[in-house]
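All chains are identified by letter, namely A, B, C and D, in their written order; residue positions are counted from 1 within each chain.
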């Protein structure tokens, strides 16, 4: 299954950057969940290009839900969301169709699709497709929120600048979900934005790290082998364009720890079993332990940069140089956060439905 | 699907650490592949406890293939490998059955299995199960090798000591696959082993990082959305007990790079299209680009440590202290490398069969 | 996975009878296949209500392909087809929303969706959704035809009248695919149509049997256990609304045969291995044997009939009587044949891609 | 996925008729279900050759459960059952290895496995493998029975003789499950057995029809598209060797009904909503409606018959004649009934877990 993810709750993506429209089919979500169009619009706005640190391509993302909702609530049957493409300038792409863009999928796609794929603007590989994912994810987030499960992502690192650590998850998640540039520290925010602008001026781009937290997620979800919660989440998270690493809890930092530090002591507190630290990111043996889920995604610098780069011409079979024109983001990490939230929500809805049944997320009449 | 992974080529795991036997069913692998029992034994030996830096539990892993092989070759129907458990000392575990071991799956498992699961030695969560995975993976490795696809893993980091980088992949992969402690630099090896010993003496444990390379893997394999090569590999790699992070190419290092550095320049060289650098780890847009696959797994310190730890008694509902007895590894990173190779081989066989058909890996009559 | 079927080539359905539009996402089909819009329109016309033996609801089915096609050929990425709903008269359905229609899904749906589902015109259960399936299937049929694989279905039985048996598959398949009422015998056709009209006059409906043949399908496709070709085909065929039985080759007729008759003798003929008879419908041990695939679907009478029926009111909890108004077919078997062809084509494309790889169906540049 | 079936609860099969052992891995079944070894043995006895109407090959089927059970209850982790093969006489098969047996998988298998598969006794295609399926199914049946869900199958037809219809499901299911030849009418039983014996004397074989009923199955399980309850059940049922047709409720009989007869009137009775008739076999729109599930499987005559048959020699490429020696059943329908029960139980456990969560079938501590 290629463009479909999930078992009990699934999402199917379609569309290309410069086609007529993109869309998503969200299937298997419980009936009776209130679909809030303004919330979907809000989530889409968090993914949209922002201010002067993003591509100049601007779209209002006027989505339409064409199935699966009746009287403002999910029916339980497939929900299809369509988002028309507008403001496309395919002309920007035609000249370089045969030049494989370094860091992009062009070369790999040539081997897979034999040249039949849509090259314009990245086609089906484009980050544009994530708008549909964010819209579908917003509905999944609504489903989770009615059960007290909240997701938030901040830019842990951008252009070598680090944000503060999470300290008060519940409050910070809510603040982050209102911010267009999701950083906890105001000083880090300023530095990051300046660094992104500086890179843009140099016709270059920068990478970063996203950190996602989930509170209220029940214990006992996930599997010991193969469908570990880490495995299933990472599988989906690596679909976010530019994500090249996923780590849970202390992640790669575990390599520098001893077990006596890495192990999270367990204690009864206020009639609950908790762990004193959360180096394991809320997951042990592939299964949620009741603590907040915590994970990070590494986001590589936008591959589309304006400075000249060495490449080959796939038609002529000769070495060439490419200067990528068109409108591009000098960084995507700040936009990808909305996608990380969406992907997380979709995966968790699926895991909850598999564990507790398809009615567990059901809304009230 | 829980204990089964893969679509066209799949593996199913069963067994518990202190049960009668563990095993794996390898299904969908092409017919006609030579099954080399000594190679399987060799791969199992790389996973076994080693010298004085491993658990004192020693097993020769006398596996038996009970189906799917005729006249020394795969039949194309399910191949079942059984490995009896021996040298189990369940008594070590009984006293602490109700004490949740910090860093282990005990607490999470309680929520999922309601106390019915086998607690002894980690039960189905035990690293012991990886022996079956390594045996199945060895057959997948044989299938890949006849097509010129080779996999090797070194301990990139252990107990804060870093190994050298890969420099000559083909030669180094072959060397690593003969070494019981898979390190490229002799000096790093000595330091790592000393650090592991020192941790053991302090009743503590250490973590590390594994780096895996694959050469000869064809371009054009993987999908842009969801079944990205990164996503599918990470999904399976997170099943390796203690793995808490997976990164491809520069991975989290991308956060400190600019696009001008991160993008791999493309060029024609010796009638082939290559990339000059390989920061993307052989994968763009979720699809292989023909360069070596390169990824790293973060391995947390063994959670079983002998020093006293705070925990709760799941029966009495009271805070408690646990001192884990039994035989344990002060590090697992050096043993997990054989598992990383096995998981990689199984995933790649599946991806190749999906892309090129179930006969692509077929052996000759 | 609910509304998605297939592994390498898959189709996802969405929409409701009286919603804004219905649609299908066809994913995983090889790149380079010519998409013939007039052929899709032709296939849709075969599914549309016909003459005076069908519902008076008429729709031109003006489909739109919004992704996955470039320059008239498949790109290899998801192809989404949208079909707007028009000529809906939801008012017909409102009065009886709480009365469960006998033979329909209303009662079962109530238990599953708790009343949140769209009741109008059958909602997502409606035969209307099969228009999207037929459109997607038409593209799959084009892909198969370029490889010499042809599918045809005739009405083997309708309203107790039997059609002639297939005698010259290749010629008859082509004739059937041009006929709006797919019967081989002209006399049977006349009798069937008269019987359907008579049933309609009595406010009643009739059932039938469809028989599908596939020529040119390669040997060696399918699996011995679980993913038998019969199992996978039947899985999908039972999605066709009203299908309640599927049989291959002699099917239920095997119960009255001896082995000496049932076994198909094998012989070399014209440099090919064939079977002299084809009682096994081209499949042995779950795997195609190179002979034509042959199977039948039992289609129950349309449950929507105008005569009064006993039922319950799901709101009041009282016994009630229902008279179904609205526009309905006195038979669906003649329309379902286009759906049977479509489902067959989609399943076979998936099976071929799994067996021979995703490029096997690829078109030429 | 080939030899694995099921999503939340799955079964994986392995082994060959003349190999060392066969087995099944049952995964995902809830924890705490009592595993009754004598019940498994009883179910295996119902599948075993019986009296003088079966193959002379006799095996006690001394199964061993090697994982997934602790203190007599399921742990929730994979349960592996092994059944050694004994009393194999491979010599019977060697001489005819290159002669494709008519009605068998030999020819189809040659195209798929290129001659590498195990030919002896049908190898992995053998009905022998169903012993492992029956053993796994017995555990699924125990899980269902604790929830009041009971399954029973009778031989509806054998060698042209019909059994009586079900009249009192609950009582008859219990009687059938104690009978080795599962027929309701004593007279039909005598006729069937005589007819099977007569066929055996003529070196021939006979077919039949199995009818399965399930009581106590909850309403609201199944999906409208693709994963219809009919589709999922038939997918698995077609794996039973020799099954060539599956029909639900009136099935192919619907073709001779009018809607006024086919529709099941709905009424409130004793505080329950029931249907007065059950022509739909307990399923509407792919979803259970609370009435008993009812379906039939067509079973073809055993293809192994002793009389000479025309075939080809796959090695020499010449027409040939085959006389199948070895020990074979003149009918399999009476043995297949235990397999039908097992497959049904496994599929229903999976469907229930998907619908109501993985704890729904959980046993009590």
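Keep in mind that, in the parts below, a residue touches a chain if its C-beta (ideal position, glycine included) is under 8 Å from a C-beta of that chain, and two chains touch if they have at least 3 such contacts.
The structure presented is a predicted model; accordingly, all values stated were derived computationally and were not measured.
Trainee: Could you tell me which chains make contact with subunit C and subunit D both?
Mentor: A, B
Trainee: Centre to centre, using CA atoms, which chain is the farthest one from subunit A?
Mentor: D
Trainee: When contacts are scored as defined above, which chain pair ends up with more C-beta pairs, B-C or B-D?
Mentor: B-D
Trainee: List the centre-to-centre spacing of subunit A and subunit B in whole Å, with centres computed as mean CA coordinates.
Mentor: Each chain reduced to its C-alpha mean, subunit A and subunit B end up 27 Å apart.
Trainee: Counting only Cα atoms for the centres, state how far subunit B is from subunit D in Å.
Mentor: Taking the mean C-alpha position of each chain, the two centres sit 38 Å apart.
Trainee: Taking each chain's centre as the mean position of its Cα atoms, how many Å separate subunit B from subunit C?
Mentor: Centre-to-centre distance between subunit B and subunit C: 45 Å.
Trainee: Spell out, as numbers or ranges, the residues of subunit D touching 2 or more other chains.
Mentor: 1-4, 7, 13, 77, 112, 124, 224, 359
Trainee: May I ask you to sort the chain touch graph into line, ring, star, complete or other?
Mentor: Topology of the interface graph: complete, with all chain pairs in contact.
Trainee: Can you tell me which positions in subunit B touch subunit D when the two form their complex?
Mentor: 1-4, 6-7, 10, 12-16, 19-23, 25, 27-28, 31-32, 64, 66-68, 70, 73-80, 82, 112-118, 123-124, 359, 362-363, 365
Trainee: Hey, which residues of subunit C end up touching subunit D in the complex?
Mentor: 1-5, 13, 100, 102-112, 124-125, 129, 157-158, 160, 199, 202, 204-209, 218-228, 230-232, 234-239, 241, 243-268, 273, 275-276, 279-281, 283-290, 296, 298-305, 307, 309-312, 317-319
Trainee: Taking the touch rule as given, give the residues of subunit A at its contact with subunit D in the complex, in rising order.
Mentor: Contacts found on subunit A: 7-8, 77, 224, 354-360.
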